[in-house]
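What follows is a set of notes on a single structure, which appears directly below.
A, B and C label the chains in the order they appear, each numbered from 1.
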Amino acid sequence: MARVTVNGVQKVYPNGFKAIHGVDIDIADGEFVVLVGPSGCGKSTLLRMVAGLERVTDGTISIDGKVINDLEPAERDIAMVFQNYALYPHMSVYNNMAYGLKIRGLSKAEIEDRVKKASAILELNEDLLIRSPRQLSGGQRQRVAMGRAIVREPSVFLFDEPLSNLDAKLRVQMRLEIKKLQERLGITSIYVTHDQVEAMTLGHRLMVLNEGRVEQLGTPIELYERPASIFVAGFIGSPAMNFMDAKVGSDSRSIDLPGGERLPLNGTGAEAGRPVTLGIRPEHLERASGQEGVAHLNVDLIEHLGADSLVHGHFGNDRTDLTVRVQGTLNMGPGDTFDFSVAPDHLHLFDPQSGARIA
Amino acid sequence: MLKRVHFEPSILPFLLVAPQIVITVVFFIWPASQALYQSVLVEDAFGLSTEFVYFDNFIELAGDEHYLGAFSRTALFSFLVAFLAMAFALILAVMADRVIKGGTTYRTLLIWPYAVAPVVAGALWVFMFDPTLGLITYALTGLGVDWNHKLNGPQAMTLVIIAAAWKQVAYNFLFFLAGMQAIPKSLIEAAAIDGAGPARRFWTIVFPLISPTTFFLLVINIVYAFFETFGIVHAVTQGGPAKATEILVYKVYNDGFIGLDLGGSAAQSVILMLIVITLTVIQFRYIEKKVEY
Amino acid sequence: MIENRPWVTFLSHAVLILGVAIIAFPIWITFVAATHDSVRMVQVPLPLLPGDQFFNNLKIALGEGIEGAGGRPAGMMLLNSLVMALSIAIGKIVISLLSAFAIVYFRFPFRMGFFWLIFITLMLPVEVRILPTFEVVANLGMLNTYAGLSIPLIASATATFMFRQVFLTIPDELLEAARIDGAGPMRFFIDILVPMSRTNIAALFVILFIYGWNQYLWPLLVTTDGDMYTVVMGIKQMLEAAEQAPEWNIIMMTTMLAMLPPVVVVVFMQKLFVKGLTETEK
């Protein structure tokens, strides 16, 4: 059981590339934190620094108050699950799990006991243990890789995109299993992924990284409801949030859309007349009628997904593109007009320059 | 070249490369530099004093008709060995690529001469061409040919070439076959649909596509003929009769190790070194990335 | 093939059989010669079919040898060849594995320098440095020793390059997993790298065994003591002796014995042999 503290950590590669610009996070005992962001954002680098596979350029990483910057990976009491599983191809499943324990000098009986226990947890049956990794399916390999982590009985689990090599169906299933397993074992976990759905479903807290900087740290709901920046707003949620240039109305209680329409705004304190980037999630656009606070969308295309439908269209004089998600099916076609409104709570205002959330 | 992830610096890597480096320096680099050094020296008859003579040894070689003879002889020898071994191997590989049944059996039966030592290859052929007893000599006599490679220079050369080429067919066959089997079947089928017959397909599709293999083998065969045929010459003819089969490698051995002409032999070594370097550079620069198996 | 023309298939087989016959003819003649007595072997024309003296000749070749060629029994020379071939093959593999490991997995000063130094050996075959190499070996007191026969030949650029290539294809994550499991460099080398390279090691062994067994010029330089002669050298001695006393039955029996080990290796380990040949030439 362990608390992981990352304090002002930076990473600069020998070629001068700065991969991490200074990250702070305090991960509580038993907490599941997901590092998420596009490829190259530094999430894996951060994880590998915790693992001890990359050196920390500046700042400290500590586990339970003890600084581990200079410890070998094996001395950090961590276990890691790799993207490609990194199973030793020439060893049986059993030996893959036992290898680290052998090196640590555990007794044969103890090793056997731990491997048995881990395989029971993961539902890996006996005859699988004597096979070689190449004879296993993708899902089974994934389990073995987790088994190898579990037998170490570490204080921290590290996951480096462990599901990205699986097909979509298996990914959903394994995602659930990882979640259950973590809750059952209660081991502090850090999980890296570029998949926002995975991040939202797994993490107690998410850290969104972009180009080596932390964009936002918070619970999945916080990130969804109050994204701190355009980047986070666009990254979290599917289909992605709609963005458009707009202007706060002269009374600060409404917002002027590009096409001249006007939507009501809560008293956000945004200064009147200032230009903003307005963000609206597709699922928050509601079909409406009437005149006040209603905008008109010219439908270009409708995608029927079954449970709901996506309406793609444009509105206003400068033909701003917009996607709307409505429940059920919609009896409309290209060229029709879709009238919509938005609850003031669901309007996200960002500064067009910095991308930061406004109030 | 280097792994992204590597071990922390320590003394260990030095210990790991040490055996290889020590052997390389002691038995390769040092002797080679000695050869370079000696090639610009002349030693007196008793080995008592040496004199620095710049490039005199090389100039002497350039004017030595024996050396020039050996040079052109080696060129002819290499060309004929490479040509014979490759042509024979190519024909067999084309046929082996065609047959569906027995392909691997033929391969097994054709590749084993690779494992035969040059000297042993020499022994096999010298026995069949023995001037008094040899079976082939007997057959040739029946055809009116008087065979005696111990007296007849061109015949001696022919024998050495046959023995050297015979041994190299296996290697060439293997690479030609691999090269042809690497050509996608769909290409051949497309050509067949376009109306090209077997012979036409070979010359317009297969042969151009295996040309990197051909070029690679050409270099390998020349290297083989230059340097690895010493055993054959030594066993079959000892360079004779009257130096008719004295190739460069044999001459450098004979002049240096038997004749003890230090400077001259060293200069010959240096020239051979330049030839190997040239061939190696050609092999690495122009071939490495193009040959596919 | 695409066309189903019987005569094309027939022609292909005919050409192949002819080719095999030409390639195999010398061996057949050798075998036949090794099965007759010495009296039959001086009568022209020589036989084309085997006789009944095979085991008798085998006994003489292995145990006594030929008087005129120093009377060295092939048994001893075969043993010398075996020791030399095994030492060269194993030595080359071990030192190449170690240096490839260092070059791929460590960052250390002169790393590229060492790499090029090893590369240079490609361009310096024995044939171009006969005398000075002989002098080095003589000065080190290694003439007429197994060490002298093998050690100077075990530096290997090709083997080092091949292992380097193999190591580069091994995913980085395996090293990381091993580090998390607590394996140090040598443990990683022995537990992970070597077992993972085992088919390459085997393929290389086949090639290098043949290479070692067939060495000729080098043993010729460093052995003067008949007890250290390899079987390949012995054949050359016998050929010289044949000028006076042509005991072709014994010579050809010895020739067969000299060919047998490498040929058996090629034929029975054909897959590894082909793999070794194509991968070392890359």
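By our rule, a residue touches a chain if its C-beta (ideal position, glycine included) is under 8 Å from a C-beta of that chain, and two chains touch if they have at least 3 such contacts.
Just so we're clear, the structure is a prediction, and the values are computed from it rather than from any experiment.
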**Study point:** Top chain pair, ranked by number of contacting C-beta pairs
**Key:** B-C
Practice item. Report the chain closest to the protein's overall CA mean, measuring from each chain's own CA mean. Key: C
Exercise for review: Could you grab the centroid distance between chain A and chain B? Build each centroid from C-alpha atoms only and quote it in angstrom.
Suggested key: 62
Check your understanding: From the C-alpha centre of chain B to that of chain C, how far is it in Å?
Key -> 16
Check your understanding: Going by the touch rule set out above, which residues of chain C reach two or more other chains?
Key -> 176
Practice item. Could you list which residues of chain B touch at least two other chains? Key: 5
Revision key, fill the gap. Going by residue number, chain A touches two or more other chains at 53
**Study point:** Contact set on chain C toward chain A in their complex
**Key:** 171, 173-174, 176-183, 187, 191-192, 195-196, 198
Check your understanding: Along chain A, where are the residues that touch chain C in the complex?
Key -> 51-53, 72-74, 78-80, 82-90, 99-100, 103-104, 148
Exercise for review: Would you pull the chain C residues touching chain B in the complex into a rising list?
Suggested key: 1-3, 8-9, 11-13, 15-16, 19-20, 23-24, 26-27, 29-30, 33, 41-42, 44-46, 48, 94-96, 98-99, 101-108, 111, 114, 117-118, 120-125, 127-137, 151-152, 154-156, 160, 167-168, 172, 175-176, 185-186, 210, 213-214, 216-217, 220-221, 232-233, 235-236, 239, 246, 248, 251-252, 255, 258-259, 262-263, 265-267, 270, 273-274, 277-278, 281-282
Review point. Which residues of chain B touch chain C in their complex?
Key: 1-7, 9-10, 12-14, 16-17, 19-21, 23-32, 34-35, 38, 88, 91-92, 95-96, 98-100, 102, 106-120, 122-128, 130, 132-135, 138, 166, 169-171, 174-175, 178, 188-189, 192, 198, 216, 220, 227, 230-231, 234-235, 249, 252-253, 256-257, 262, 265-266, 269-270, 272-273, 276-277, 280, 288, 291, 293
